[in-house]
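One structure follows; several queries about it will come next.
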Amino acid sequence: MNDKILAADNKVMKRIFSIDTLTYQDGALSTKVKEMLGLVSSMVLRCDDCIKYHLEKCHEEGVTNDEMFEIFSVANLVGGTIVIPHTRRAVEYWEELTTSKQE
Amino acid sequence: MNDKILAADNKVMKRIFSIDTLTYQDGALSTKVKEMLGLVSSMVLRCDDCIKYHLEKCHEEGVTNDEMFEIFSVANLVGGTIVIPHTRRAVEYWEELTTSKQE
Amino acid sequence: MNDKILAADNKVMKRIFSIDTLTYQDGALSTKVKEMLGLVSSMVLRCDDCIKYHLEKCHEEGVTNDEMFEIFSVANLVGGTIVIPHTRRAVEYWEELTTSKQE
Amino acid sequence: MNDKILAADNKVMKRIFSIDTLTYQDGALSTKVKEMLGLVSSMVLRCDDCIKYHLEKCHEEGVTNDEMFEIFSVANLVGGTIVIPHTRRAVEYWEELTTSKQE
Amino acid sequence: MNDKILAADNKVMKRIFSIDTLTYQDGALSTKVKEMLGLVSSMVLRCDDCIKYHLEKCHEEGVTNDEMFEIFSVANLVGGTIVIPHTRRAVEYWEELTTSKQE
Amino acid sequence: MNDKILAADNKVMKRIFSIDTLTYQDGALSTKVKEMLGLVSSMVLRCDDCIKYHLEKCHEEGVTNDEMFEIFSVANLVGGTIVIPHTRRAVEYWEELTTSKQE
């Protein structure tokens, strides 16, 4: 679907996508930490699709199960119980990712 | 799904769940009023799962149909028309709850 | 300042103000309960001016100190620690209101 | 479903619906511009149902494809990448609307 | 203060600022309409500094008083009464801008 | 002011404060990383007081200037330009913190 957004050839949208790539690259902070920052932001803003995306990236970066639940903790503390349903779905997806990894 | 969150044995998440139980207990305010407060908060923050949960609790606490629509009114006034789609789903679920009750 | 908004003679703005008055009138729910609903909504949406307004109304409706802190509890639980700074200012204003009452 | 909300005969809800109609009528600003304002607001507040509604209205008002992507640009710039998943769904629905139009 | 952000020489921040400029340029939609879109977005997201910025731009683009209040209407309808305090401050600033213009 | 909240002797509020302390302790993730998570969450939720608090903690944890601007980048990308005014104030406060440190 991002293809469709890009196909429209709108300069602003294209640049936003390109900054998105730039932002998470290794720098003073590692991609791993940045993806954790992206994840917690997506959780407190309660965007399920964004959460899924960053869960995948965190998984690729080798975030462990205990680390992940500490990210969930910060998100639920700062964002409140309103974040719980999103955490439920995040746990479910995280389990899928980490289970398929072990195979 | 809450079981999975709790199974991870993360202290912070566990304590948040236990405070959640504590918060809605009868105190200076009745559980009924507190559940109405929880519902209206969930509506203005637009969390459908949270709304469903508090609708069930409000139903158990004997909130009437007219009271419920006055809660919806406050939510839509304070939160704006952006709350309407969530109100639609809330009305639908409330109807299910109250219809099954009458049987 | 509301006078300036109304002076502009914009129909929509005028009607929103008049619905606002209507919403909090005694009905199936008392004005007291509705003001508590308005307050908790303002807290989770983190609008200091709205919080102040509803604190005044709650005070007029005879909300007690213990009741008020239970409203604060729901707001901080549902809305997260992001609500704490607003709670601080609310406590401060609530104290002013309740202290001046006792005189 | 709006019928069900209205059927409950709650004065506040009825008036909110009637103001909603009033707000988007031609005035100093055209309905077209107002629908664009409603759309961008729905996007930054991330309400998919509201977005769909305003996409339909924008389509009726003759908003072009290039204009639509400029609205998407403002929404994604102001609201951040958190708006991207909603933009994806908006693009998909917009395509449906504009394709069926051409037939 | 933007100078300080830019002085830090962070690529992502610099690009976000440059996209910001690009987004509001005349295109399929005029700068005037885009600034109105930026304003209404800032209002429903309740960012006073952003509102001030777009009020200035709208003023430069020749938005009239009646048009402005119709933007306020959409913002208050969609975003709810939580937007009222921000509207108050917006009206006050708009008055300053339009009064100084007439001189 | 937290003293006043705690003085009210409300169990829920007390426990929220105690979880807050627990959440940011060294665990699978270091306090440093957790404070960065708390900061970025506060930025996208646009809470200036919370931002200040986490800036202080990040400073104590030895977050460097380049790292800090990468956190700002993620916040502004994910949260949008609506975060810019909060970033401005954050940069200002960060400068105060880091300048006084060097003395």
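Remarks
Each chain gets a letter, A, B, C, D, E and F, in the order it is written, and its residues are counted from 1.
By definition in this document, contacts are C-beta pairs under 8 Å (C-beta built on N, C-alpha and C of every residue); 3 or more make two chains touch, one makes a residue touch a chain.
What you see is a predicted model; the values in this text were computed from it and never measured.
Counting only chains that touch, the fewest steps needed to get from subunit B to subunit F is 1.
When the partners of subunit B are compared with those of subunit D, the chains appearing in both lists are A, C, E, F. Common neighbours of subunit D and subunit F, listed by label, are A, B, C, E. Overlaying the C-alpha trace of subunit A on that of subunit B calls for a turn of 120°, given as a multiple of 5.
Taking each chain's centre as the mean of its CA atoms, B is the chain most distant from subunit E. Look at the CA centroids: the one farthest from the centroid of subunit F belongs to D.
Separating the CA-averaged centres of subunit B and subunit C is a span of 20 Å. Work out the mean CA point of subunit C and of subunit E, and you get 27 Å between them.
Per-chain CA centroids place subunit A at a distance of 35 Å from subunit C.
Chain contacts: subunit C has residues 12, 16, 19-20, 23, 41-42, 44-45, 50, 66, 69-70, 73, 76-79, 81-82 touching two or more partner chains. Against subunit E, in their complex, subunit C makes its touches with residues 1-2, 4-5, 8, 10, 12-13, 16, 20, 41-42, 45, 47-50.
For subunit B in complex with subunit D, the residues that touch the partner chain are 46, 65-66, 69-70, 72-73, 76-77, 81-82, 84-85, 87-88, 91-92, 95.
Interface residues of subunit D, counted against subunit F in their complex, comprise 44, 76-83.
Put simply, subunit C touches subunit B in their complex at residues 19-20, 23-24, 27-29, 33-34, 36-38, 40-42, 44-45, 50, 64, 66-67, 69-71, 73-75, 77-79. Residue ranges on subunit D touching subunit C, taken from their complex, read 11-12, 15-16, 19, 22-23.
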